[in-house]
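Take a look at the structures below.
Note that chain A is present in both complexes that follow, paired respectively with chain B and with chain C.
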Partner chain A sequence: MAVINLLSANFFSMIRSKRFWLGTFIMAAGGVYMVLDINRMKDMAEFDGLLDSGVFQYAILLFLILPALGSLFINTDYNDGTIRNKLTVGRTRTQVYLSNLITVYAAGVFYTLVYEAVYLLVGFPVLGSLRHPQAALSKLLMMLLLFLALSALFTLLATLITNRSVLLICVFMAFGLILGAQIINAKLEAPEMIEDYGGVTYITTEDGNMTVQYMDKNGNPIDPEDIPRVPNPRYVAEPMRTVLRKVNDIQPGGQLAELLEDGHLEPDGFKTATPYWQLALYAAGLAAAVTAGGLIFFRRKDLK
Partner chain B sequence: MEYVLQTSALGKSYGHFKALENFNIAVPKGAIYGIVGRNGAGKTTLLRLVCGLQTPTYGTYSIYGANNGSLEIIKARRRMGAVVETPSIYLDMSAENNLRQQCRILGLPDFSCVPELLELVGLESAGRKKARNFSLGMRQRLGIAVALCGSPDFLVLDEPVNGLDPQGIVEVRELILKLNQERNITVLISSHILEEMHKLATHYGFIDGGRMVREISAQELEATCRKCVRADVSEPKAVALVLDEMQLEYKILDGRQVDIYDAVNVSKLVRALSERGCEVYNIQNHDESLESYFLSLVGTGKGGDGRD
Partner chain C sequence: MTNLLSAHFARLWRSAWFWVGSVAMAWIAWRSVEGARTLANYGEPVSILSYALNFVLVLLIALPVFAAVFLNADYYYGVIRNKLTVGQRRGAVYLSDLILVASVGLIYTGVYLGVLLGFGLPQVGAGERFPLLPGWGEVAPKLAASLAVILAIGAMSVLLARLMTHRAVPLAALGLALALIFAARTADQMLLTPAEVPSYDEIVPIMDESGRTVKGYRKDGVDYTLEDCPTEPNPEYMGEPLHAALAFAQNFSPAGQAYQLYSDTVSGPVSALPPPPGVLAGFALGFTAAATGLGLAVFQRKDLK
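Let's turn to the complex of A and B:
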């Protein structure tokens, strides 16, 4: 009951916030923009369902907006000192923490709905209907779990860091997660073996043209298809390979890349996708672990 | 006597710095309890602990008999309201919405108390104005109104008149007295402005260096600081005889000093003492102020130790 009371107060604060409505406007505008962009690109590229292709493009935007909005929302309680009004009258720290997490996550769900509503309403007459509605729905649910994990992460930061710099820290964290996922994916794509181009010789012919000659170790010319293969120094071997794959499967930035790209490239050049159930488990686990850690720290934190 | 707040050897350290050390206090029900101490004496630290903003390093406290480690403390806190340090108000909300917000936090069924509270703190005409545009005094009063949501029995106020203009000080003082007298709210106030505290408090706790130096009721303090005529004499026994004959209230302090509390005709007194062979070396009005009493307790060392 106490959490419901706190949520009621939080939601009132949230809907009165200009930042919240600015975010809503950005998400709605993003929906319109995406329809126009796909419509413009439809003759230049091949799409597996025009409308399907933009359903989840909001996620990158929300990945950056939500930490900014959420961290400022939580920080206002410290900045205005109003967290004291909650604790002094017997609301526990667990209740305050959980109500903040639920509030910022609810804002994320609301933004998702705003984008989807605008995108589908505007997109349907322009781009046609969804080709894979069931797949879109399951991916949407997975996205929502991903944002729960992200919300848990910045709720932890915004609860423990009481000054306004938390805004920058949370936005940098979001950027870092996205960038980190890209770097890890690029590393894991590197093939195990590569052609040894050490034996390639450039020869200038009598008529002045350049030609390429492939040699083996002994200096004998060989066919280009028989170029020897050597281990790629950039290849990530086990056990680091498994560790990095897991990091990307678990961290929200990696999950975002996995969902938006429908999987990740393996060294053989083929795409593999981590199953949704596995991603869902990781997202829920991360959200639970981070929240548990946040509660432990918050309970011990001295407030002013 | 029933106590609203009691502490037992309460301590709070920040690293190696001891902000409170074996601190004991007992706030009686219905009192206006003034915690008096220099800046940095540990007043705010105590209030932060009592309000649950920080946890004690050692020792315990109880509110309405509920120990800080027990689950009952949550229920006990619902009978509390507090303004610790700056008023805790949403600056981008109106006074009315700030109060409604607190009603929501408390889970009150409606907002019917809001107009009454605004009137109580004298903000009825500024209810729709954003708190950001309030003066310091108005913010302070709004902070008190927020603390009064849910009709608490125990109000904790940290330096409530700090930074207020003279009119603001009078308004806040009258409000506190009204709450105590009309609503029987027990008030715990911290302040380093002794004069102001003197006009409010029914009980005092003098704190220095993170320790409670003395707890005293206003009556006891009044007696200690009572106006009198202090005479330095050669024969205190003779003085006692003379003053008994003259039916004057007095107190012999030591071998040479007597405090006389009633109005006295000095010429008659000196003559009567002279007749009994007692010399009067010095005679003067004596009025120990709260300030001098405080200084006599805590010494005259300048500044605190940064405990607030």
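Let's turn to the complex of A and C:
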């Protein structure tokens, strides 16, 4: 009952917030923009599953908006002193923490639904129907779990850091998670062996075509088949390879990359995907662990 | 004003966000050096000068965010009223903010170029062996123009930070910076759209006058090269006066200026033809004057309670 009162107050506050509706507008505008962009690109190249290609493009935007909105929402409690009011009227710290988490996550779900509704409503007449609706639905459920983990992470930060700098810290951390995932994937893509040549030059053949000529270390022309292969110093060997792959599977930025790109490239050039059940387990586990840690620290936090 | 600046800089050196920005600029420069070195190791034509103007686009994000964080503290802690109470004029407060933010821009530029050129020149070189890559003769005037663009970005940053008192202004600054970069890129693509496009039925290989096989265009059974192929109006061309208005907006906005400096010197999509560096600097100074004038006028009337 107490949590329901808190949630009721939180939702009421959120709905009256201009920033919340600004975020809603951005998500809706993103849906319209995506349809227009795909429609423009389909004239330039062969496209299969046109409507499918934009269903999850909102995710990167939401990955940045949700930490901003969530941290601003929670930080307002500290800024205005309402957090002490909540505790004074008898709410427990656990109730306050969990109601904030649920509110932030609910905003994320709402934004997802706004984007999807606008995108599909505008997209159906222009781009046709979804080619793979079941795949889209299972990916959507996975996205919702991902954003639960993200909400938990930034609720923790926004609750423990009372300074207004938390707004920027959360957004930059979200950028960092995305960038970190890209860097890790790029490192793990590096092949084990690489070609060892001195350089390339471009020559025109007798029939007028431009072709690439490889040169060896001494500057002499060499056939591609004769180029020696050497161990790649940038190749990430075990056990670090497994560690980095697990980091990317667990951290929300890595999960986002995995879902948006339908897997990751291996050194042999083939794409492999981490099973959804594993990603779901990691997301749920991260959400639970971070929330548990947040509750423990919040109970001890000095709120003066 | 001297006292205001003194207080600003004393606080600057103790600001964690300032040092975070400095480290970020150094890291970005270092990544550029690493990328260039990898290309050089493979014998690819590369010049470290190709990365010399990347910092301008980074400053388009860094300066508004820094200004928002640093200057918003004045409102948050009530310091702004203290400054006015001790006799400082609003105009002096605003101009000292502008000088501070522009100085931070110059410091960040120094950090970026120091790392890029300090490590990049010995390891990668300035591309003297590759005449098609930008050399000092091309990059130096643009670096000089970038100083004016930094001032314009600083003026825009201070305008936003002084007019918006809410503690969410750093988020607004970040969102605005990203939106401006997106708008500049979109405007660039729109300006690149040609007024006319080749009119042809199919693309075919043809022999040119020197006997080489080149790409040809066939129309009504007749083969043409690109130069003599008949053209037709491009339906995607926006036409005048919109095209001129967009070009002016792209040149006048700090984001457009930064984007043109950035995209003209790195490999990738070719930018719409930017004006000469001196003209771009003129636009930047014009924007600085306009933004500062507007900011001063509004700040003079602003209710600071």
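Everything below uses one rule, namely that the second predicted complex is superposed on the first by the 274 of 304 C-alpha atoms of A that agree within 3 Å, B and C clash if a C-alpha of one lies under 4 Å from a C-alpha of the other, contacts with A are read in each partner's own complex, and residues count from 1 in each chain.
Keep this in mind: contacts are C-beta pairs under 8 Å (C-beta built on N, C-alpha and C of every residue); 3 or more make two chains touch, one makes a residue touch a chain.
Everything quoted here is computed from the prediction, not taken from an experiment.
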item: Touching partner for A:Ser165 - first (chain B), second (chain C), both, neither; value: second
item: Touched partner set for A:Leu6, first chain B, second chain C, both or neither; value: first
item: First, second, both or neither for A:Glu266, with chain B first and chain C second; value: neither
item: Touched partner set for A:Gly198, first chain B, second chain C, both or neither; value: second
item: Which superposed partner A:Ala68 touches (first chain B, second chain C, both, neither); value: second
item: If touched residues of chain A are counted for chain B and for chain C, the larger one; value: B
item: Footprint of chain A on chain C - complex, ascending; value: 17, 42-44, 65, 69, 72, 76, 167-168, 170-171, 174, 211-214
item: Interface residues, chain A side, partner chain B - complex; value: 1-2, 4-6, 8-9, 12-13, 16-17, 76, 80-92, 300, 302-304
item: Chain B residues within the chain A interface of the complex; value: 14, 48, 51-55, 73-78, 80-82, 84-93, 97, 100-102, 104-107, 146-147, 150, 152, 156
item: Chain A residues within the chain C interface of the complex; value: 19, 68, 72, 75, 79, 164-165, 167-168, 171, 197-200, 204, 207-209, 215
